[in-house]
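Okay, so chain A shows up in both of these, paired with chain B first and chain C after.
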Partner chain A sequence: MADVIEVGAARGDAPPRAGRTRRRSATQRGHRATPYLFLAPYLVLFLAFGLAPILFGVWISLHQWDLQLPNRPFVGLGNYRDLFSSDSAIYGDWWSSVRATGIFTLFATPLLVVVPLGLALLLNRSFPGRTFFRAAFFAPYVLGVAVIGLLWRFLLDANLGLVNRLLGAVGLPSDTPWVTDVPWAWVSLVGVTVWWTCGFNAVIYLAGLQDIPAELYEAARVDGANGWERFRHVTLPGLRPVLLFVLTTTILASANVFGQAFLITQGAPGEQTRTVVWRIVDEGLRDYDVGRSAAMSVLFALMLAVVSVVNFRLFRHQED
Partner chain B sequence: MTSLRRGARYAVLLLLTAVFVTPLVWMLLTSLKTYADAQQDPPSWLPHPFSGYGYDAIINNTANPVLRWFVNSMLAASLHTLLVLVTASMAAYALARLRFRGRRLSFALIVGTLFLPPTSLIIPNFVIAERLGWIDTLTVVVVPGAASAFGVFFLRQFFLSIPAELEEAAVLDGANQWEIFVKVLLPLSKPALATLAVLSFLTNWNDFLWPVYVLFSPERLTLPAGLGLLQGAYVTDYPVIMAGAVLASVPVLILFVAAQRHIIQGVSRSGLKG
Partner chain C sequence: MISNEMSRRRLLGYGVGLGAAATLTLAGCGGGSSSPGGSAAGGNGGKDYTGPKVDLKLWNGFTGGDGDIFKKLVEQFNGEHKNIAVSVVTYEWQDYYSKLPGAVSSGNGPDIAVMHMDQLATFAARGVITELDDVAKALQLSEGDFAPTVWKGGLYNDKRYGIPLDMHPLGFYYNKAVMQKAGLDPNKPPTTKDEFTAALAELKKSGVQGFWVSPFQFTGGMTFYSLLHQWGGTLFDGDVAKATFNSDQGVEACTWLVDMIKQGYSPANVGQDADYLALKSGKNAFNFNGIWQINDLKKSADVQWGVAPLPQLGTKQAVWANSHNFTIVKQRGADANKVSGAKVFINWLSEHSLDWAKGGQVPARKTVRESADFKALTEVNALAPELEYAAFPPAVPGLGEVMITFYNAFNEAALGKKTPKQALDDGAAKADKQLADNRKKYGS
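What follows is the complex of A and B.
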């Protein structure tokens, strides 16, 4: 019914209206419930598995909540206190996983910001074969962490792996314990991650590079700027928002590292490469202590939020 | 001088290509070796002889039904993709084109969750899925992840870029909103829908953490979750493990080659505006 009326209005059958009302009618034609009907299927999913879980997670974290036990007493901040008090059973494991994630993020992030930029600069000009190279560098990213993990576990195998054998063939040490001892385990995890994901960041840089006006480079050239100076004074400033984006997403992605450590180093040596995400899911989904695990998740999310805020602040200050 | 520089550029690019591609080639070649052949030291690049041993072992293995995992993954990724496309495009249409109370708030909430670490949802989603009786079913790897805030955001941006005049013509023809959405907007959005479809399929196909913890029965696993078991069962029998890895790679590599331009453009566009 309302449909007909609105369409009629748009046709101009109804008395002429002011421009503003006419514009409204163009976007508001149809029944009042229609927008909600369009939104409903997504909203059901989003409320159930996107929004409610956030609040539910906080709620769970305030309880002593074991999936195998019927009672779930409210313990307030008890789970959080356990994470901070050195005499609790979980304290050592938790902070060791924070340390592992910290080490990984600290070494992976700079490489994942700089190496892809180099790749993007190499690929920026158009030349025959550019699409091929772009695809080749991006290809590993398309594969899942399960495949990447199995593949590199094999390649880095101390005895059977290609890496040690190739090193041996050129006269270098061929017995490096890539996956079983530190610091090699860290070199492996960071190296594999850079190999796996740097194509992704390179593509984002490429899009950013294409947005820098060619006239700026021309002007710099006329002023006698050499290649390095053009990079320093034209490319880098032009890429600033892209750099911030890449830096932030890379820190967040690195902090969520799980599959590589789970499959390649398997936590070795000892538990030194067992990361935060791994600790969280094991605590909750393997040992069923979801209360404690949810507290870890909330604390972890807060840590990442702080890192992101600091990140944005630093970048803004540099601009002043 | 310039040809020298061009030569240097190609040399660097070819070297890098070797770094990126060699591991994948090694995976494929190893999957075609016999057990003894894969143990050779020094290793040979080409299998001699070429052998179906690895594939034979995973196909005729009842304890680890790899083909079943493959089918499960196909089903899960396809249904997931369909669910994302339908729900996200409808929501994006409402958010981009319709006016209603709560529009700004819903959009802000949806975009807000984009900034949450995915970890923060895993534990509560597990508890919710458990209460719904979804653990160890196909549903649990299809549905929860389909609440794609990225999908809604991405499609809404695309819909906004389509001139509203195109819909005005349909209004004059007496089309209702559903018809406008299906007959005007969706056909104009094929590139965006294709990009989102490919990205959704890749994400679901490759998902590892969630299926590893929410699926238990050997016949219910997805391929990535099952590969871990395979590694446990065949500790150093690399032809078998690599055959499994190849099986998990081939569909996404085919998809990538077919949609390469779209994927890379989709990534860079959504990346910059995200």
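What follows is the complex of A and C.
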């Protein structure tokens, strides 16, 4: 059991008491500015490229802001009010894009958390050809979104695409509108994204799995635990930090979906698959309303912050 | 003089009213004494340039086969003009329009920019490009030298901002092999509504869905745009204050197109580019598509195809079209020599637009269009008559997003999500709000 505590300590979860006091006294002996000097390079970068742009973005969101127009009148919360008032031109577009992003995230995230886990468990066993399969599942991830977007747009085409032709060949309906009608468009977008990115999460799970000491499995086996019990009581707790990481990054990545919808469904039908990031880009870079675009970004960031906080809370409760 | 220079730069940098900035720039060109590098070289609006050597940056979006032809033309120009060096930067159109404003406001913009006609008003109102009335005057270019539709399209608030290079309309492509198989004369594509529907009925008998209606802007939306005007409708009212594409004519034209699907002449749920791929692979017979497909079809040796002006399906002839225009980009510190060098380039390229036509565009310049050399470009020449009745969008700033609304309304109708009337009414209501927002923003 001593081993387990050591593993936790290495990750910084619960540093041994002795270490902590020793470190503190070292700091007291050195100059008080030392830690800040060590932090300084990152702090400068963070202030210049992190915090300052964020604050500037918030400032922009309070204006009617166009890069070229001579006057950029201060409108206070006007841009935000437009997003919430049903008679503004942007209201419908904005909430339909929030809805689109929500639907995508809701369906993509569970799949992108569970499927790669199963994959990682399989690929973690030793069997001939394991390296090949690891590479095969990771391979799509290295392709750019433009490549997979165009590829699947043609494969999924309702009238000319290979997918419908194959379905027809085995006696299934061959006229499914994969890219032009909901819910099929969502099935396509989520499916393509899972195929495209599940290799990445699987690799992270694999690394996490290899971190779980083999002794634990052995001890569990000695205690008479079956496969499912070993998974529940050894694998899952061992993977918890990895799971939290995968879940959080997957939610954020899914919420940022843009390229797949842009290339595969082109927002169809109507604007139903036009996502938030796409809308922000359009508003700022196509219609040049940077103020409104910034307001959308701020609001969207707040939404994601809330989701992430809830996510962390849930995990902490589980640990208690 | 220094204070004069300073204040002008500051005014331009901080952005003054469009008219004021333009006046200052022009004053800088003609005034001579106030321009750095001296000489009145900038004064003649582009006939020739005798000043010190200038380097000009040119941005465009010609990423296809037209890009190579364009670069060759620029090389030729550079060879013939020792004191002007033009360097070309190419982006995808979509990237191009989103990069340009940032580049210009940070002082890294190009000197010359190629721009679609429907973008001119937006960029003029936003003070990105300068007036070119003096170029037109100095080069003695007038409406008579171009097709009136294209020439007027370069105006915004009665001032010229673009010198048109070409026009690219929709064309009517037909697959001769498929027509022949259905017993139709492959050398006589239908020209009227009756002929068109009769041909579709024949094709249907031979098991071919002849005319695929794409729900997307490329090219179903553009087809509807054309038919809306053929039925006598318009996109907007005269002041571009209200959307009118949901008029009776608009609904009728849209219904006619959507009925193509109901009557089985087109499959439902046609994907992006599927209409064109079907034409090439002999799965349909007719496709309304951009003139830019000519070069692609020429490369496909096994496809027997022809191209003609759009048939007249409504009460009059009309066709969607757009046009590439040359514009001169405003600089923070206006260099009169660069401006006059740019004007020389624009004029030279306009005169050499026959070579450009080989890239698959109808040249805007009349002399070029009427030359025997152009007539020898059979396919492109076949679409030249459309220039007379091409329907360009009105010159109003911020129209891009409103057009997206228009195309999305058609998308919903073509995909059967809404009836044509409902889709167009909803789209028009949204477009009205967008137009009102734009008026507030651009103050027109």
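Assume the second predicted complex is superposed on the first by the 266 of 320 C-alpha atoms of A that agree within 3 Å, B and C clash if a C-alpha of one lies under 4 Å from a C-alpha of the other, contacts with A are read in each partner's own complex, and residues count from 1 in each chain.
Criterion: a contact is a pair of C-beta atoms (placed from the backbone, for glycine too) under 8 Å apart; a residue touches a chain by one contact, two chains touch by 3 or more.
The structure displayed is predicted, hence computed values, not measured ones.
Chemist: Check whether A:L62 is in contact with chain B, with chain C, with both or with neither, and answer first, second, both or neither.
Modeler: neither
Chemist: State whether A:L117 touches chain B only (first), chain C only (second), both chains, or neither.
Modeler: neither
Chemist: Touch check for A:R153: first (chain B), second (chain C), both, or neither?
Modeler: The answer is both, since A:R153 touches chain B and chain C.
Chemist: Where does A:P177 make contact in the superposed view: on chain B (first), on chain C (second), on both, or on neither?
Modeler: Touch partner of A:P177: chain C, not chain B.
Chemist: Which partner chains sit in contact with A:L162 here, chain B, chain C, both or neither? Use first/second/both/neither.
Modeler: first
Chemist: Which partner chains sit in contact with A:A108 here, chain B, chain C, both or neither? Use first/second/both/neither.
Modeler: In the superposed model, A:A108 contacts neither chain B nor chain C.
Chemist: Could you figure out whether chain B or chain C reaches more residues of chain A?
Modeler: Result: the larger residue contact count on chain A belongs to B.
Chemist: Would you check which partner chain A:V234 touches, where first means chain B only, second means chain C only, and both and neither mean what they say?
Modeler: After superposing on A, A:V234 lies clear of both chain B and chain C.
Chemist: Between chain B and chain C, which residues of chain A are contacted by each of them?
Modeler: Residues 67, 153, 157, 160, 281, 285-286, which sit in both footprints.
Chemist: Any idea which chain B residues touch chain A in the complex?
Modeler: Answer in residue numbers: 6, 9-10, 12-13, 16-17, 19-21, 23-24, 26-27, 30, 38-39, 41-43, 83, 86-88, 90-91, 93-95, 97-100, 103, 106, 109-110, 113, 115-128, 130, 143-147, 149, 152, 164, 168, 171-172, 174, 176-177, 181, 202, 205-209, 213-214, 223-225, 227-228, 231, 236, 238, 241-242, 244-245, 248-249, 252-253, 255-257, 260-261, 263-264, 267-269, 271-272, 274.
Chemist: Flag every residue of chain C that touches chain A in the complex, lowest number first.
Modeler: For chain C paired with chain A, touching residues are 14-17, 97-98, 101-102, 104-105, 122, 126-128, 212, 215-216, 267-272, 274, 277-278, 281, 283, 398, 400-401, 404, 408, 411-412, 415, 417, 430, 433-434, 436-437, 441-442.
Chemist: Write out the stretch or stretches of chain A touching chain C in their complex.
Modeler: Chain A residues touching chain C: 64, 66-70, 87-89, 92, 153, 156-161, 175, 177, 179-181, 266-271, 281-282, 285-289.
Chemist: Considering only the defined contacts, which chain A positions touch chain B in the complex?
Modeler: Listed in rising order, the residues are 3, 7, 10-11, 24, 26-30, 32, 34-36, 38-39, 41-43, 45-46, 48-54, 56-57, 60, 67, 119, 122, 127, 129, 131, 133-140, 142-147, 150-155, 157, 160, 162, 165, 168-169, 195, 199-200, 203-204, 206-208, 241-242, 245, 249, 252, 255-256, 258-259, 263, 276-277, 280-281, 284-286, 290, 293-294, 297-298, 300-301, 304, 308.
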